[in-house]
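One chain, chain A, appears in both complexes that follow, with chain B as partner in the first and chain C in the second.
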Partner chain A sequence: MLDVRGHPNRLGLWGWLGGGRWGTDRYLYTLHRLTGLGLLGYFVLHIIVTSSRAFGQQAWEQAMARVSGPLFLIGEYLVFIAFAFHAINGIRLVLIELGIGVGKPIEPVYPYRTSLDVQRPLAVGAVLLAAVLAVVGGLDFFVWH
Partner chain B sequence: MRDQSLWTWHVIAGVVILVFLGLHMGVMHLDALLGLFNPEGGHPIDWGNVLARMKSGFFTVTYVVLLGAALFHGLYGLRNIVYELGPGAGLRSAVNAVLWIAGLALFAIGSWAAWAASRLATTL
Partner chain C sequence: MPPALPGARPDFIQDIAMTNGNSEHVTYRVKHFDPDRDQAPRWQEYRIASSAGMTVLEGLWQLKETQAPGLAWRASCRMGVCGSCGMWINGKARLACNTQIAELESSFVTVAPLPNFDIVRDLVPDLTPMFDAHTVVLPFLIRSDRAEQESPTVEYHQSREELERYLQFSYCIKCGCCMAACPTFATDALYSGPMPLTQAQRYNSDSRDDGFGQRKTVLAGTAGPWRCHYAGECSRVCPKGVDPAKAIQLMKRELVLDFLRLRRHSRPTDLVEKPEGIKRRPDIPEAPARTV
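Moving on to the complex of A and B:
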């Protein structure tokens, strides 16, 4: 049993792995952070690579040739999946931030109910929508081209 | 108070990104479905399509807006992750300085590229 009193983030990075008493939403939180870091890493490279367009057609086509091939295509699709999850889960987080879909405050009377159960449909809906977006993106990446 | 307003800007930037990155992803990766802003046909990253977007004032301006919003959102998010791990005051200010420098440098590169690309496109 870990004593976390006075140490709000005693678990550090290990807290990302264990949902613990926070439940499913904790894993969405972890995924939101991992996808956010991945998107940030991609974005930094993307800014630099795409700035080659300012030097004309040859520079652009050379830069694009350097980041082509099956490995980059799969990597870019992973970025697309990260985008789909981060975007849709981000909408969920904004709604919760604004107090939409979190349910009304209730009296703490036994048997206690957790507000996470009220928020669960939104979380499930967000994951399903992100999955649909990832599948449609996958069709565009691998089938329609 | 300062962190509260930074967080509010983080959320606002997220909504801005949702709009413009949503459009960007639609143009780049749902092109077979939507067919947006790719006048030359073929792949969205073919030079003719890239040139058409470089010529467009709308894309030049919104790329810079998206660049700024996404850099702030991403780097502030990274700062949150680092802060949550409980670094000391010295490390916190070092992280702040590095993120500021990296963010401003990347914003300078990206917005220069948007401006230079727009100028190049009008001469071609």
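Moving on to the complex of A and C:
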């Protein structure tokens, strides 16, 4: 066989973030990953802050004072939005991975109808539910408290 | 230009203008790479005349004949069947022969090799990793009656309903468009990708096949379907409507059911009984001698 050594052309992270004419589900995929990374970052920060309690009450109060400004309140709200989207979209993905909502194999006749069209109500419902949670969370963060 | 017909779409009017001989010009922006000369790919622009119904592939031929004789790409059938001319056209993986310039709705046609594969030269991607992954998932009927498979005497039984469980996935032409569009494959070289996994599901759901157990060892590993998170881009770009995203989700369900020992294992279908007392009609010739 001919040994070919071509020029690397893997999209890498650009494959997640851009570089093409993507569809809606592609953006949900990217948002799911970004919110997942955001939540991971929050958990690391959370562990660092709460671990200060091990160094005494003064260290704990100093740490809490550092993360109690309005900027951190907005940050916490963003974490809540990320959580709402990631959790609900995650449930959608679990359902899809169990074959729920994607339809059965069909004979492809142009114009093709794919599983993306079949599961569209799930995707729209997940985004709407996340949006409702984000609004309710916003009221709880900034109005009711 | 003829007067606009009531309710006519703008592209329809454009088509009329083109068939009347008013050809338009488009700018082709083509990615070049010569492994003997270039350190990295480079872009070059060409201006060509386009006419109604002209495909991106026909534009490339025109380029080769008039302005870029050294331009390299793969193509064969010109009718969306062979899967050779998969390219990255205006930001989307498509077949060049199956894409009309008019449908791009732009005076610029950007053509690059399919991403996520190394570039051999110009618009030619190295699809070897895809075919290697395809081989690994055992894309053929696996049965215990090997002698019958090697030298068939009759057909295997299969009902219409059983056929429809995999027919959609068997339309795959291995063009690689789904692999180029997959964001997971873009960052993860270990992932098999949509095409090989779809073909694994095609055979797993074939009632004549008994190879799920063997394929499972590959599919349950890191190369398997669990790296797919349903971006759905593979199904959106597939030029044959194969819907790889659906195949991969159905495969995940089978793997989950199998893990929970809830998957119904059915015996592969039997051979159709050979009819007795049937004579070949004289106008039907004998099959040619086997060559392999």
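As a working rule, the second predicted complex is superposed on the first by the 119 of 145 C-alpha atoms of A that agree within 3 Å, B and C clash if a C-alpha of one lies under 4 Å from a C-alpha of the other, contacts with A are read in each partner's own complex, and residues count from 1 in each chain.
One rule holds for everything that comes next: a contact is a pair of C-beta atoms (placed from the backbone, for glycine too) under 8 Å apart; a residue touches a chain by one contact, two chains touch by 3 or more.
The structure presented is a predicted model; accordingly, all values stated were derived computationally and were not measured.
Participant: A:W60 in the overlay: touching chain B, chain C, both, or neither? Say first, second, both or neither.
Facilitator: first
Participant: Mind working out whether A:T50 is in touch with chain B, chain C, both or neither, as first, second, both or neither?
Facilitator: first
Participant: Can A:P121 be said to touch chain B (first), chain C (second), both, or neither?
Facilitator: In the superposition, A:P121 contacts neither chain B nor chain C.
Participant: Just checking: does A:E97 make contact with chain B only, chain C only, both, or neither of them? Give me first, second, both or neither.
Facilitator: The answer is both, since A:E97 touches chain B and chain C.
Participant: Figure out whether A:G69 sits in contact with chain B (first) or chain C (second), or with both, or with neither.
Facilitator: neither
Participant: Touching A:L13 in the superposition: chain B (first), chain C (second), both, neither?
Facilitator: both
Participant: Classify the contacts of A:P108 with the two partner chains as first (chain B alone), second (chain C alone), both, or neither.
Facilitator: second
Participant: Which partner does A:F80 reach: the first (chain B), the second (chain C), both, or neither?
Facilitator: Once the two structures are laid over each other on A, A:F80 reaches chain B alone.
Participant: Do chain B and chain C touch any of the same residues on chain A, and if so, which?
Facilitator: Of chain A, residues 9, 12-13, 33, 97 contact chain B in one complex and chain C in the other.
Participant: In the complex, go through chain B and note every residue touching chain A.
Facilitator: Residue positions touching the partner: 11, 14-15, 18, 21-22, 25, 29-33, 43, 45, 47, 50-51, 54, 67, 70-71, 74-75, 77-78, 81, 84-86, 106, 109-110, 112-113, 116-117, 120.
Participant: Considering the complex alone, what residue numbers of chain C touch chain A?
Facilitator: Residue positions touching the partner: 33, 35, 38, 40-41, 88, 90-93, 113, 115-121, 125-126, 128, 164-169, 171, 181-183, 185-187, 189, 205, 229-233, 235-236, 238, 240-243, 245-247, 249-250, 252-253, 256.
Participant: Tell me, which parts of chain A touch chain B in their complex?
Facilitator: Against chain B, the touching part of chain A is residues 9, 12-13, 33, 36-37, 39-40, 43-44, 47-48, 50-51, 53-54, 56-57, 60-61, 64, 80, 83, 87, 90-91, 94, 97, 136-137, 139-141, 144-145.
Participant: Spell out the residues on chain A that touch chain C in their complex, using ranges where they run on.
Facilitator: Checking each residue of chain A against chain C gives 4-16, 19-23, 25-26, 28-30, 32-33, 93, 96-99, 102-110, 112, 114-116.
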